[in-house]
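One chain, subunit A, links the two complexes that follow: it is found with subunit B in the first and with subunit C in the second.
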Partner chain A sequence: MKVTFPHMGNQYVATKVLLEELGVDIVIPPQCSNDTLDIGTKHSPESICLPLKVNIGNYIESIRQGADTIVITGSCGPCRFGYYSILQKEILKSMGHQLDFILLDPPQGDYDKFFKSVTKLANTKNPYSIIKALAKATKALYGVDEIDDAAFYKRPRERVMGSTDQLYDSFHKEVRKVKGYRAVMDLVKETKRKINSIEEDPERDVVKIGLIGEIYTIIEPFVNLDIEKKLGALGVEINKSLKISRWLTEHLYLQPLKLSSEKEIWQAAKPYLGSMIGGHARETVGYAVKYAKEGYDGLIQVYPFTCMPEIVAQSILPSVEKDYNIPYLCLIVDEMTGEAGLNTRIEAFVDLLRRRKELKHNEKLLSGY
Partner chain B sequence: MKIGIPRGLWFYDYYPLWKAFYEALGAEVILSSPTNKHILDQGAKNTVDEACLPVKILHGHIIDLRDKVDYIFVPRMMSVYKGEYICPKFCGLPEMVKYSIKNVPPMIDTVINFNKSRKSLMTTIYEFGEYVTKDRKKIDSAYAEALKKYKQYKQSIAEGRIPLNGELMKESCFNGKRGRKTIALMGHSYLIYDNFGSMEIINKLKALNVDILLPEMLDNGRLRDYSDTLEKRMFWSYGRRLMGTAMYLAENKDIDGVIYVSSFGCGIDSIVEELIERRMRSESDIPFLLITLDEHTGEAGVNTRLEAFIDMIDWRRKNEGNLSPYGKSICGN
Partner chain C sequence: MKNCYLGIDVGSVSTNVVLMDEDKGIMAKVYTQTQGKPIEAVKRGLKEVRSQVSEEVRVRGVGTTGSGRHLAAMMVGADVIKNEITAHGIAAINFVDGVKTILEIGGQDSKIILLRDGIISDFAMNTVCAAGTGSFLDRQAARLGIPIEDFGEMALKSQAPVRIAGRCAVFAESDMIHKQQLGHNQEDIIKGLCDALVRNFLNNLGKGKEILGPIVFQGGVAANVGIKKSFEEALGTAILVPPHHDVMGAIGCCLMAQEYDMKKNRTSFKGFDIVHSGYQVKGFECNDCSNGCEVIEILRDGQVSARWGDKCGKWNGKLKNEVEKLA
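Our next item is the complex of A and B:
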């Protein structure tokens, strides 16, 4: 059994640690590239959302490296993601690939099936070793997300442009080569230390932007065209509404106990969107309000074309923009997105934020505060 | 008190229920005009670009109603059956309307959510009724009366009397006589029953002299039996009905073709349509046509495709199905 899985930002590091600790053979799909997307677009339904297309590309590239089993998670609606597994199976079947699918759907009462999937994947029935591996994977995931956070802070402040990205990219190259929890964690710590010690330029004027939207498009750098690096180079510090580590804690540990760490965000979203409508629409709106209250300079929403929950959020966000007087930019991505157009829009938006900041500053000077 | 019901989305499935309910309670129910160019344009102008055609049309209807009524009926339809949802856009519809259209009168935006169980049915109904009266007994009897009307309506549709624009046709569009062409028209009811939004597809098919079979004309329980055999439970109510219909048709094969009408950007169709098309092609040789509509669709293009599809079916019948436009050849490869 050679297991593979679709990419989703830093998630691959955690899955790698989890399966390696359990002694399962894995194939990490090559980093998402235009080839990945081309393969996916060719074989997927035309109007499906972008993540599925990239996933199909990931599978095919992994199959070429010998993968024969696919593990994916699922949900039970109302967002399309819940039916990804079935459609993907159909697509791969029609392409002539006979693969094993291990679905980790939320149990919904059927715990027997769920545990069967888990033990099939884990290659062991010992719950202790599964839980131990899971705990290690979670720790690794938090570690990698901390690298992200450190990079968000350093990119707009670094004295030598590109020094953060250099360390960041080399981490993602190296982590594929090392094996096991210890080695990954050593690399994580080392990278974090190096990024934190990058020399800063105190003169830089840093603008703060909250990045909100659909989880896959905010955390997978390939599909959002490296927006975090682009913004970093423009002197923008960002904060993301969703992180894969938080998502894991939420879905794996808290939700089965009917708990949530997002209560505060839901509360913030409540005047605009009172209930769960699938996907992360409520979080998108809630974090928009939160960032606005915390004095961020602007908001950027990213989502894949035709994403249902985010369309609802998109129709609400202009009201948040007006109520809190915070500029908002909506970026919709799919396989047709051109990088130049996206760059222009981001640059113009950041210019606008800078100008606003300047004006506010001058106003204060003139009115004698 | 005047309550406005927009002619869009859930309207085609439930409006007799709601209209009878509020009329029995003593309110005046005003329907928006049937969809027309002006309503569509207004809707498209006032909705986010990315929304699908039916959602844009609904926004147009709300603009049509907003100056005429005291309340607008926009319930939050989360889930009608256990374990199923409608569509994320339906769940967030009151918010979409509220933040897209200015000067909307107060909305009746009670939550309909039977995802966990139907226990809350009566409290939901009281909540709807309390916009008009606090008298629970009156609400009970109004609901009973409305339910009767609703069942009649469903029965009429099952008999083939299509509620085009919400008005039941006088005659059944399904004749069932031997030798007549039968086309299964699939898609979301709120698109197909909207005469303008669907580019008059039902009238066009009737003019081409074919019988029309709709998912609503098949027994829901039977469709459920089919869709229950799916590997993973379909969690969209509309999707489940369509999947069930497709499975039924692929097994019974007593139709000449399937036309699937979808709106551009429909998230549910992007999965359901694909699965249905794949199933139709692999399990049967029923011809399949997909028509995707949005506010830019040209009518001439739709006409050409419909006519070509029907012509193809005619040729097939004449040539005993040995000729296929593509895919399989006569010699059997």
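Our next item is the complex of A and C:
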């Protein structure tokens, strides 16, 4: 059994650790590229959302390297993601690939089925070793997300432009080569230390933007055209509403116990959106309010073309923009997205925020605060 | 010797070059067709703008904008490289008192920029369709056999404009042909096209935006009195077309270059002599990873002066100058 899985930001590091610790043979799909997307677009329905297309590309590229089993989470999501595994199985079948699909849906009460798929994947029935590997994977995931956080902070402040990106990219290249939890964690720690010790330029004027929207497009750099690096180079510090580590904790550990860490966010979203409407629409609105209250300079929403929950959020966000007086930009991505147009919008938006900030600063000086 | 600032706007259809003096007076301006050859257009623009000024000038700062801003910046040695939205906004703020809305229609894109308290507060750019841009009008004028310069005047003569479906450039064209075949006269069809373009612009870009006066209309299409009239009818208010409406982007660049000069007091301008240099562009596909980036290499007199197009920064990193990083 050679297991592969679709890409989703940093998730691949955790899956790698989990399966390597369990001694399962894995194929990490090559980093998402134009080739990946081309393959996916060719074999997917035209109007399906972008993540599915990229997923299909990931599978095919892994199959070329000998993968015969696919593991994917289901999340029981009341959006199209919930049907991904079924649709993807059909697509691969029609292409002539007979693969095993292991679906890891959150238990939702049916623990028997859940453990069956876990033991099938894990190649062992020993719950102790499974739990141990899972704990290690979770730790690794948090570690990689901390690298992200360190990079968000450093990029707009670094003295030598591009030094953060260099370390960041080299981490993602190296981590594929090392094996097992220990080695991955050593690399994580080393990278974090190096990024944290990058020299800063205190003169740089840093603008803060909250990045909100659909989880896959926020965390997968290929899909959002490297928005975090682009913003970083423009002197913007970002914070993301959704992270893969938080998502894992939420869906794997908390939700089965009917708990949530997002209560505060739901409360913030309540005046605009009172209930769950699918996807992460409620979180998008909630985090928009949270960022506005915390004094962020602007909001950028990113979502894949045709994503229903985010379309609803998009129509709500102008009200948040008005109520909290915080500028908002919406970017919709799919395989047709032109990079030049996206760059122009981002750059103009950051200019706008910077001039606003200057003006506010001057007003404060004049009124003597 | 007179101090001045140079602004270059390399758009898809036109390349505009402006020379502005220290008191924000326009000393010379050139509006020339890009015709898919931005390097030639920039050279031609520089040459012409220089020949319009008889006295000795000292260029204290250069700014570039438009879709070819990086190419132009590399050629002339720009101090400021900015997007079109900021450039147009800054130009309008400086030339029209209290402006609150800018409608801008260029060759390949159209934008709406909202300004409050002298700064840009919101903007939108056309994303999907070219039915609201200058190229579309150009094409339809050509198909009707009228010079684009007379297009607007003819629209004003219309007595009973026809309604043309303006959501999509292709469908608008077939609808227009249909109306022609029915026997409508040209003036009415042209007016109908102007109305359709304005409707499309306001529906696409103006949706949900508070369009307050004073409203400024700029960009190449602002020369078209027919479109201006249609905007005035649709919005029910007077619309201002500034005297240098066709080169506002370049003027914005001059203003930003001046601002930069006041802060830093230096320029990387390479001089007007670059018009005599030979520029070559080479492209190759980097095959080091699966992205297969198309890397562009610009050579000035046989020397590599810039590279771009790669995702990882392997090619552009080494030759990146400070300006580009800041922009």
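Going forward, the second predicted complex is superposed on the first by the 365 of 369 C-alpha atoms of A that agree within 3 Å, B and C clash if a C-alpha of one lies under 4 Å from a C-alpha of the other, contacts with A are read in each partner's own complex, and residues count from 1 in each chain.
Everything that follows uses one rule, which is that a residue touches a chain if its C-beta (ideal position, glycine included) is under 8 Å from a C-beta of that chain, and two chains touch if they have at least 3 such contacts.
Note that the coordinates shown come from a computational prediction; the quantities given were computed from them, not determined experimentally.
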With everything superposed onto subunit A, say whether subunit B and subunit C fit together or clash.
fit
After lining up the shared chain so the two structures overlap, which partner does A:P327 touch, if you call subunit B first and subunit C second: first, second, both or neither?
second
With the two complexes superposed on chain A, say which partner A:V223 touches: subunit B (first), subunit C (second), both, or neither.
neither
Could you say whether A:A140 touches subunit B, subunit C, both of them, or neither, answering first, second, both or neither?
neither
Under the stated touch criterion, which partner chain does A:D35 make contact with: subunit B (first), subunit C (second), both, or neither?
second
Which partner does A:I48 reach: the first (subunit B), the second (subunit C), both, or neither?
first
Counting only touches as set out at the top, which of subunit B and subunit C does A:E347 meet: first, second, both, neither?
second
Going by the contact rule stated at the top, is it subunit B or subunit C that touches a larger number of residues on subunit A?
B
Determine how wide the angle is at the CA centre of subunit A between the CA centres of subunit C and subunit B, giving a multiple of 10 degrees.
80
Applying the touch criterion given at the start, work out whether A:Y83 contacts subunit B, subunit C, both or neither, answering first, second, both or neither.
first
Check the residue A:L359 against both partner chains and state whether it touches subunit B (first), subunit C (second), both, or neither.
second
Output check: A:I311 vs subunit B and subunit C. Expected answer is one of first, second, both, neither. What do you get?
first
Between subunit B and subunit C, what minimal C-alpha to C-alpha distance in angstrom results from the superposition?
6
Both partners, subunit B and subunit C, contact subunit A at residues 318, 332
Touching subunit C in the complex: which residues of subunit A?
30-31, 33-36, 161-162, 165, 169, 226, 233, 318, 327, 332, 340-341, 343-345, 347-349, 351-352, 355-356, 359
Interface residues, subunit B side, partner subunit A - complex
47-48, 50-51, 76, 78, 83-89, 91-92, 95-96, 99-100, 111, 230-236, 264-271, 273-275, 278, 292
Listed in rising order, the residues of subunit A that touch subunit B in the complex are 45-49, 74, 76-80, 82-83, 85-87, 90, 94, 103, 105, 108, 272-279, 281, 305-309, 311-316, 318-319, 332
Residues of subunit C touching subunit A in their complex?
67, 82-86, 117-123, 125, 127, 208, 289-292, 311-313, 317, 320, 325, 327
